[in-house]
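Some structures are shown below for you to check.
Next come two complexes built around chain A: one with chain B, the other with chain C.
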Partner chain A sequence: MDIFSALHKNVIPLLFLKNAHLRNSRTIHLSAVCSKSQSGRYKITPKGDRPLTYEMANPPHWIAHRKSWNSFNTTNLLGGLRSAETAVEDLFIRKFMVGTWHNLIANEVIIKRQHNIIRIAVLVRQALNPRKMYFLLGYTEELLSSWLQCPVTLELQTIEDKNCTIYKYI
Partner chain B sequence: MPHALESTIQRDYTAPDYKYVDDPFLIPTSNAAKRAFALSRESGRKAALWIRKEHAEWFDQKLAEPPIKAFTARPHITEVSEASEDILRNLIDEVSVTDAITIYEILEKKEQEISDETKLSFLELLSFQNCNDPVSEDLPEERWFRQTTHGKQKLRKTWKDGSLAEKVFETLSSGPLAGEAHRALIKGMARYGQAERAHQLFRNMTSSSDPKMAPDTGCYNAVMYLTPFLKEGYEARWQFMESLLREMAGRGLKPDLGTLNSILEVLSNMGSYRKAEDLAIQTLAEFHKLGIEPCLASYYYILLTFCKERGPRSNVLVNILDKLNCQALVAKDPKDVFFFVTAMEVCRHHLQDVDLAHRVHDLLTAHNNYDLIGDSHKESVYYRNYFILMCAMEPLETFMEFYNKLVPTVYIPEPVVMEEILKAIDLNGAIEYLPQMWSDIIIFDQTGRENLLTTLLDIMARNPVAIEDVEKNLQMKESYLKIAWGIWNVVEDEEKEGFRSRNIIWTGSMLGDLMTVCLQCGEFDKAWKVLKRLGADEGMSVVAEEYEPPPLISGIPSIKSLSLFMDACLKEGSVTRGIHPSLENVCHLVHLLEAQRDGSLKESGLYGGCGKTVKPNSAMSCVACVRYSAEAGFPEAGDLAQKLAESLSLNSSQMSQLTSAVGVLRTESPSQVDSSRIDLGKDSKPSES
Partner chain C sequence: MVIIRASLGRSLFKNCKSAVSSSVQFRQASQTAEQEDETEEFRVLQLIPKKNVQTNRRKQRQMPVPPPRSEKMPVDQHWPSVWPGPRTFHPASVPLPLHQGYPHKKNAPPGKVGNAELMKIPNFLHLTPPAIKQQCEALKIINGVRERLSNRTEFCTEWPKGLETPEQQEAHFPIEVITNTYCHSSPSIRDPLARIVTLKVGYLFDFITHLDIYMYKCCCCNTCFLLNLQKIEPWEKEKGLADMELFIWEGSASEENLGNFLQYREKSCGGDKAKEEDTIKFKDAVTSIFNDGLYPILDILPRNILIN
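Now for the complex of A and B:
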């Protein structure tokens, strides 16, 4: 029997018996283990062979210090408009980009909104003929701008190999 | 007026055009790539637009308030669509001709009443577009790269006879809007070359006493524009136009810029008509009095009139440029875009004046005048003329500065221009530019041009590297070799891949030049390889029957490159290899002189004798080869033989052959000369026999 089950079976009921008044009150659970935030953080592997991009290597608390946002917009500022819609649209844009540029995108899709313009920046692998890339570029811009009803521009940068983006292994 | 901040930003010559992604992988490096990339992008956009059209139900969200028309799907119009006059009017405003025609036909079928005003604007649309859909304004690349009819091409009749436009016209021709309908149809017909009927309608109008049927200035312009179709002979044409102008004056109509351009266009098409120039000047003066200033299109016609190909030299362009004086130009006539390309052509072909060309270019780059360059074709013709002119007239340094500024972001020279540049480099002996040119030729995808490769080899062979600085000299030699061997690889690869259609075929002089370059750079092995290529690999033809000999090489290398090889060969042989290989090379070489001359390698009995494997009688056949070379008519064969005899130890019969070939040799052993006639020509036959 490990220590946690032991606690459950023996200690916790005892606690409640001893402090009977606690049973009827709402308690906030604030143990150190559960408040640990997980998102945007990667676990170290035993062999230390998990490749991370620069973006992945910096956990969220480094945003604005060592790395930048993935979505740039002002909707969440005081008096900002359409914050929920913007979040859903960004999700849609990301899904659309990953699907349209299938197996080509090598990093996070960065979405920058300024006035009525949406700029989408991505790193693309050089796995496609440049002509086809230009086709996809025009296609994406036109289709997204008809959906989002504003000018959309793609800011592409190409990389020879996906491994170029690896910042470190953990 | 442009903003103060905006005016500080100028064209960045180091970056590609904005339509391309500024990423090394995605920057186009050749003219073909420029075109393909821009059009691919647009075709992607078209695919998206098609999806939006086919699946309008997916695009029904209303985000913008008020709705933005450009981002909403246009209703798909078919024969069963809902139709009303309002819809028709909207479509006319949007210039969507096909859809408007469909709606109009539905309305006709339903016998729904359409107001005369709507019908008139529909007629105007059809006449203007000749019942065709125009290329959308939203597709700039397609418009930019479209092959437009050249300015000098004559107007052809493209008007669709009996089309919907004429039917609509008939319903209007007797109504209250008959005058407007006539005007619309006449202008449309004139635009698309239907001269006879336009003129007939015009005469109906002028003969009518109804004031509503009076033609307007636009009609007169249209008919004047058609003069070449209506009248034969230059004199008759001018009289016709004059009578029209008098008619206009009689009706109290004020001419406009269109009138001026119509007159000038007709005058510019008058070939050898003596008076055309005077008349053009008079017309300009007359219109100046009326307060109508010419636009770029007028100047374009003036240039055509004055600067004829075989006509006398005219400096009219100088006056035009004085007048325009780097001002901001505005498009006023569709033909305005022909001005710059024609002006540059005049600078190059008519005046050969590079200073004037610079002035034209200054005018083009001032303000937003670059908008008037027209399309991709005109732009490249403009730069082609400018580059070739500058290349011929300016010092090479100045030209290269200019070249480095504009190439490749603004303009990529065509192979013709490249050849001119190479020639200029040759003329100036400026071999330091050759490595750059070669790398540009590769980048611009012009390695498939035989003339460029030939010129390059020729230049390198005639301008050996001789720079005083030892290090630079070595560097230059290395680049020379890189170029030469690059060319070798290009041609060899092409031959291997067997693209028959665009095959570059080695010629004797090309290989000779290549060999010379290799020798000058001290690469004996490579030169030997080239020589083998010259003579085809005869060793193999003996071994396998199915072996197909490589195509014969036409032409012969110059004796200079061959004797250079001989020298190098003798030197090389005596220094590193001993006598045999070099002897074999020599015999091959001299043999080649002969074989190349009569063009049949295999028939030559000698040919089997000297191969790539060293044979015991190689010296013998070598000697025979010298004889043949002499017979083939190379006077230098004697010197070759002399050299051979002095350098290598030959036996008596070999010596005798040499002697008989070229006459008496000054050798140290005169005794050998006596036995010279014994085995003359016994073991080998001349292939001519």
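Now for the complex of A and C:
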């Protein structure tokens, strides 16, 4: 029932009839503009030349249908522990990974937790020479495991170019 | 210096500015002019010569990347040694033409290289039938060794007589301790539910004890936990009045105060000696105030008054 049909049926109290500004303020959050969900969605370009990865091409409502989660753990199951801590730690790991492997990571950082082991999976560009890459790998594992107090394993897959991950253009 | 080559003459004609100069400069100019002549027929007159802004960008050396090893794998290789444990999918070590994902328009689903979806899902590549068979055989060998060890009488005492059946065992040892172990995907091994230990005595009693302090000693191993339960650590003797879980009236300040008060009353007023029952009542009241709070005692008080 929208507000005007409600008015006709005398459902809305007199207060709203007298104070039009109040009526408007009550309805603004229900308007089409506000209820539009935008997160995780990309605008199309006039030329249709914006490259999207598979992850970007599927908006959040396709999680568990077309794409999978980026964090895997048992904290949000019934009786799970440390859900808030795990979420914050995951955020930290993501930030750290993106900063440490700067301009190298080609997808979202995938974090899998099994018992006390944290496994981090990422796609990395082949822009560094192997020696530097091995250094970064050890550096990341060592620092993260000392901060998070549990063994951390990095499972990398290197790709030639970021173009390898392009799913479609919009 | 007199010798001026033809090409130099031409360059002088074009760039009049450099005409008057020392011999060394002439030589340099002649060299550059020769080089330019090789590439271009006519050179452009630059009245305001541009600065030579050639940024020397370091070319990134392309590291030679070997082809994925999945291409070189023999057909009859020992797969469990290629993929020994749980691991995120890697296209270069799996010689299978895999695809995963929702296809875009009429294309094929995304392939295995650079496919994040394949990296997300847990795989069972380490649990192929040959790998399971291999592990089972290894377990058989271990169990065989264990059996052989356990059958050797030199390590064991004789099984007590009269405890052959489970019924007999239950009758003689009626106490059962039930503990729970929980597994989580988190760095902590502590779980509040694991602190609840149920002590079963025959079929008569069931009571739950919350063992707080001992769980910090050991959480992961139950047998270890039970052994630790019987120990008294040196720091436990340092437990003061403030560390007590429960208020115990005997030996407390309240008892001392009551004693003093009664002595004072006897001396000053010469009244009767306090009854044993009254002391017990007082003790119970003080204890329950400390242990249960004030409200339970308020509930009890009227009833006591009624009885009295």
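Criterion: the second predicted complex is superposed on the first by the 138 of 170 C-alpha atoms of A that agree within 3 Å, B and C clash if a C-alpha of one lies under 4 Å from a C-alpha of the other, contacts with A are read in each partner's own complex, and residues count from 1 in each chain.
Going forward, a contact is a pair of C-beta atoms (placed from the backbone, for glycine too) under 8 Å apart; a residue touches a chain by one contact, two chains touch by 3 or more.
Nothing here was measured: the structure is a model prediction, and the numbers come from that model.
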{"item": "Superposed partners chain B and chain C on chain A - clash or fit", "value": "clash"}
{"item": "Partner chain(s) touched by A:Q157 [first = chain B, second = chain C, both, neither]", "value": "both"}
{"item": "Which of chain B and chain C A:Y134 touches, first, second, both or neither", "value": "first"}
{"item": "Chain B versus chain C as contact partner of A:Y54, first or second or both or neither", "value": "second"}
{"item": "Partner chain in contact with A:N70 - chain B first, chain C second, else both or neither", "value": "second"}
{"item": "Partner touching more residues of chain A, whether chain B or chain C", "value": "C"}
{"item": "Which superposed partner A:W147 touches (first chain B, second chain C, both, neither)", "value": "first"}
{"item": "Offending stretch of chain C which, after superposing on A, collides with chain B (from 20-28, 56-64, 128-136 or 164-172)", "value": "128-136"}
{"item": "Footprint overlap on chain A, comparing chain B with chain C", "value": "126, 130, 148-150, 157-158"}
{"item": "Touch list for chain B against partner chain A, complex", "value": "21, 23-26, 28, 33, 36-38, 40-49, 51-52, 59, 61, 63-64, 68, 71-73"}
{"item": "Chain A contact footprint on chain C (complex, rising order)", "value": "60-61, 63, 65, 86-92, 101-102, 104-105, 110, 113-117, 119-122, 182-189, 191, 193"}
{"item": "Complex contacts: residues of chain A adjacent to chain C", "value": "53-55, 57-58, 62, 66-70, 72-75, 79-82, 85-86, 106-108, 110, 112-116, 119, 121, 123, 126-127, 129-130, 148-150, 155, 157-160, 164-165, 167-168"}
{"item": "Complex contacts: residues of chain A adjacent to chain B", "value": "126, 130-143, 145-150, 156-158"}
